[in-house]
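Quick notes on the structure that follows.
Chains here go by letter, A, B, C and D, matching the order in which they are written, and residues are numbered from 1 within each.
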Amino acid sequence: MLQVGINGFGTIGKRVADAVRAQPDMEVVGVAKTRPNYEAEVAVRKGYPLYAAVPDRIERFEDEGVELAGTVDELVAASDVVVDACPSGIGAENESLYEGYDTPALFQGGEDADVADVSFTARANYDEAVGADAVRVVSCNTTGLCRLLTPLSEEYGVEKARVTLVRRGGDPSQSSRGPINDILPDPVTVPSHHGPDIQTVMDVDIDTVGLKVPATLMHVHSVNVSLGADPDAAEVRDLLEGEDRIFVVPESFDIDGAGKLKDFALDAGRPRGDLWENCVWGESITVDDGDLYLFQAIHQESDVVPENVDALRAVADQADYEESTATTDDALGMGL
Amino acid sequence: MLQVGINGFGTIGKRVADAVRAQPDMEVVGVAKTRPNYEAEVAVRKGYPLYAAVPDRIERFEDEGVELAGTVDELVAASDVVVDACPSGIGAENESLYEGYDTPALFQGGEDADVADVSFTARANYDEAVGADAVRVVSCNTTGLCRLLTPLSEEYGVEKARVTLVRRGGDPSQSSRGPINDILPDPVTVPSHHGPDIQTVMDVDIDTVGLKVPATLMHVHSVNVSLGADPDAAEVRDLLEGEDRIFVVPESFDIDGAGKLKDFALDAGRPRGDLWENCVWGESITVDDGDLYLFQAIHQESDVVPENVDALRAVADQADYEESTATTDDALGMGL
Amino acid sequence: MLQVGINGFGTIGKRVADAVRAQPDMEVVGVAKTRPNYEAEVAVRKGYPLYAAVPDRIERFEDEGVELAGTVDELVAASDVVVDACPSGIGAENESLYEGYDTPALFQGGEDADVADVSFTARANYDEAVGADAVRVVSCNTTGLCRLLTPLSEEYGVEKARVTLVRRGGDPSQSSRGPINDILPDPVTVPSHHGPDIQTVMDVDIDTVGLKVPATLMHVHSVNVSLGADPDAAEVRDLLEGEDRIFVVPESFDIDGAGKLKDFALDAGRPRGDLWENCVWGESITVDDGDLYLFQAIHQESDVVPENVDALRAVADQADYEESTATTDDALGMGL
Amino acid sequence: MLQVGINGFGTIGKRVADAVRAQPDMEVVGVAKTRPNYEAEVAVRKGYPLYAAVPDRIERFEDEGVELAGTVDELVAASDVVVDACPSGIGAENESLYEGYDTPALFQGGEDADVADVSFTARANYDEAVGADAVRVVSCNTTGLCRLLTPLSEEYGVEKARVTLVRRGGDPSQSSRGPINDILPDPVTVPSHHGPDIQTVMDVDIDTVGLKVPATLMHVHSVNVSLGADPDAAEVRDLLEGEDRIFVVPESFDIDGAGKLKDFALDAGRPRGDLWENCVWGESITVDDGDLYLFQAIHQESDVVPENVDALRAVADQADYEESTATTDDALGMGL
């Protein structure tokens, strides 16, 4: 059993912990958190040994009566691999900690690409991460685009992709984020950093632009791809429906946006209503003279969760792409 | 086993169905729906026999390949009790249907009080519903206020309650609702109908006013109660913490609003992230010279679910208050 | 002086009335309204003779003590040209009314193109509207795109334009509109109707897709144009800065979205904070190998106002393009 | 002519500058700003001499080609009175600057009460500010409540006021503020600081609680007052309609919230659509047994503007209450 430590027990960390626990070949050594709050309470209730991410703040846990198993150093020492799920930028600061214990580490997409040897999306480049010391699981948006562009690229070739990312302003629990009533070019410079980020994973000609809007549930991508062939829309739809981590939303579901998508995921019993898959509106898939258009929604809180699990197996050289993704998806209950 | 039919499989109906199925002494005969959509798909996947709520629209289900068990008439005939979970106003139209089959029925709070013999909140007036032919489970807001005011009334007496209801504009899946960027007195006339609605359940002097805001997760009540005694805040807090369907949010959880409350409920594994309990911020409970203030959040999608289950037992005269609520809460996993 | 009647005194109608009044060569005969409200009060205060748009509702005005000058028929009879500023779809119903009095009419973009002889944006096709009996001033989004694409087309040629329209859910005063917290593909089918609508005005190869978000201030367009030449970004910026109805937002203004844009317009003394111009973020203008990207914000409440004024002159054959737009812009105070 | 300097040219400062300029007995010496942006551009266009609020940042203005008249010290030296309109907390830091030049100063409500000799609302305590060296014009919410409670107190006596303040999350131009989709008790402790803040101006028994919601236009107060008499609602309405800085919204205007209120203010030609008055919904005024309820909307960007102008005259001992408020209101165009 692969012993996995998770540094950071927020939006991503708590989901990765549950996903790791669900796997047949790995277990959670413990999780590290900076401060006691409802998420610390959840860790305790779930029986995850809780470590103090910041040694100086041990007292704050004690004051709230939260029992600690130790500090993050001890967690790193006890782990075969560490998943760093700290806020953007903190991962890079933790690099030396993991190196000091010779513990391979996964980083999240908020870190710069040079924090790791490989930037990773299972569908695109699993093999590159096999045996690596440090792997960066790219951001939710980059993951979603790599999952979409890889099969398109394999099947038809991608001459040029142009994507407008309409991004949620904050997560449902991030009450201090905005905007309240605006549509913000973000970044205002074009193209955005998302395109180059995708190119850390796969070789594709892509321009991206980003806007931020007052919604919290999911990002939505307006995608245009100039394909190297001219399939009809039904053919592209078949291709995408054949992808394990793409959910093509059927017209008959009458799902018009992220609200109903999440409601469906909750109805379907998904833990936390998570949508690990890209959600592509079937009705939106259109091809005209090799020019493909579609809309996809990306659940920023969870789509990288299966990728983290796969990256763990890759780093530990514990399974190949087919075996790992099949195991991950089966354990999680992928498929809607 | 009490045979329960559920007419309407939307926000409330689907939750009541799952709650009924979870009980040891009742089962779901079937559910009726007006049209095929993702919720119909969910009913099918969960194995709930699906009935057409509108006979004329049977073809629409057939066109989408959704198999039907019959029409709503057959469902009513096959049920010991029917839960009407149709949109506001439709329940009243269904009254004669249920009477025609001599099937006792529960209605929801969107109907006028005269649709039923009793307006019901388990904590306030369970006994009045025992053996009734028609019971109206009051709205989410009324339920939440009855749950709060009953113990206060029993323990201290309530001289006067004044509540400002800051209401969510729509549910997460209701994409056509507003406002987008406003705070609307709604109704602009004072007091609002919520006060009189509470008085259909319990005898209390209460004035309510309502405002609608651009949020979807929960309602929040700003509550002031002039008590008949002058307890200190800790005593009131103890009283509320002793209530099974009130969750007093601890300061240490660092939960500032509905976003984090729902996130906690999802983390805690609650189905659909439902918060069946009133959520009272512990830190907000204040008493000065018999004048109590507090904030509570009410989850409009789910707080009436346990009440529906209890009302079923009351109508069927299948258990008394203590036994029913204990069974309901145990089966659901109440308690946070 | 051209005698202008305005049928509909809501968001567009009231702005067109003020703009017509500001012109040296036209005056407002009167305005028609369906019901008394704050906007009727404003018409009275401004001294616009008020006509009942629906004769049956005259009493409602009388009940509120609002004095009427007559019914809409009398307004049409008294006008040289009528501007129909009624809600979408009502314009078409009014067609026979205007024809009955042989009064030329302007319609708004919410009507189908066949309501009129010409679909109009001054910069694109002023001449086609000269002397026409019925002209349709296209919608805010179509107007904004025609203004942008016309100079690009003239200067470089447009091989292909691809635009994602991130649309506001409702206007600031439309309190019943949604969504509150979602990003809705709208329409979910691709391409959206905006592209064909642009082609009613100008000949250009364009694909558009639409999304609706919870914002009220302005629409934002994510624009990509494959040009027939490869200018550098500075050259394109110069071109756009030379357009009278395009405001290129300077970097130094530190304006990140519609909130600050509107705040600036209000600071600058614009009536109602209206932004008649396309607002193009200067910083966003990028060209790579003939591929142009930029963001522009479109004020849905006002960008068609100067177009309506010009269309009036065209219909009345009272001025040519240069003279009309110069007069309009001078009278309004165009330029930021 | 009273020479007025304004330190801070943001939301409040720019409005106070325009209001001062509109008065017959005062003029703007200059305004100080921390950085060049669209508001600095507006200052230049309006001909307000612009001073650097932070001497170190003079270069940033020069880099943008914005001409400066000097630094804030020079502005203070040249002013008879300074209005400090800096962000909350900065005012207190500026105290010694103003004292150093012996220049009397106005502070805004974001500062603690002890920054000044008097906390001020014209209607409540004009006389206390006459000749003072430092006056604090209280916050928008406190101002709105003092304006409402003063006449009620004078006419009937106020035994107890209870107010739920439903606060906007941020101003229209504050794009980084939230929440996006939540209703936040803020502060979660009860009562909120607003009550004590009102008591710095007037002697009244009041409890306030606050919530923050995702809206930007105005705050809305849900007000309950136990009066010392039992007038009927019409009498209270007459009383409020007689107040110069209260606008009782007529039912016939069909205004349901802040969106339509602002739209009306813009239609009415108000600069920036400002609503200097408390906006009380006439329909909401209800009295039962001496218990008054009503809703009022408060425009956070502008309701303190006339108060600042009056406070200037009070500090300069240039007019009494009646004369000052009449002059202010006449110059601004108060009355809707």
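Everything below uses one rule, namely that a contact is a pair of C-beta atoms (placed from the backbone, for glycine too) under 8 Å apart; a residue touches a chain by one contact, two chains touch by 3 or more.
In this text, all values refer to a predicted model and were calculated from it rather than measured experimentally.
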Any chain that touches chain C and chain A: B, D
Between A-B and B-C, the pair with more C-beta contacts: A-B
CA centroid of chain A to CA centroid of chain B, Å: 35
Where chain B and chain C are represented by their mean Cα positions, the distance between them in whole Å: 46
Junction residues of chain D, two or more chains touched: 172, 174-175, 179-182, 184, 214-217, 256-257, 259
Chain D residues touching chain C - in the complex, by the definition given at the top: 14, 35-39, 41-42, 45, 64, 171-175, 180-181, 216-217, 252-257, 259-260, 262-264, 266-269, 271-273
Contacting residues of chain C [partner chain B, same complex]: 169-170, 172, 174-182, 184, 214-216
Chain A contact footprint on chain C (complex, rising order): 162, 164, 166, 168, 179, 181-186, 188-191, 207, 209, 211, 213-220, 222, 224, 256-259, 281, 283-286, 288, 291, 293-295, 297
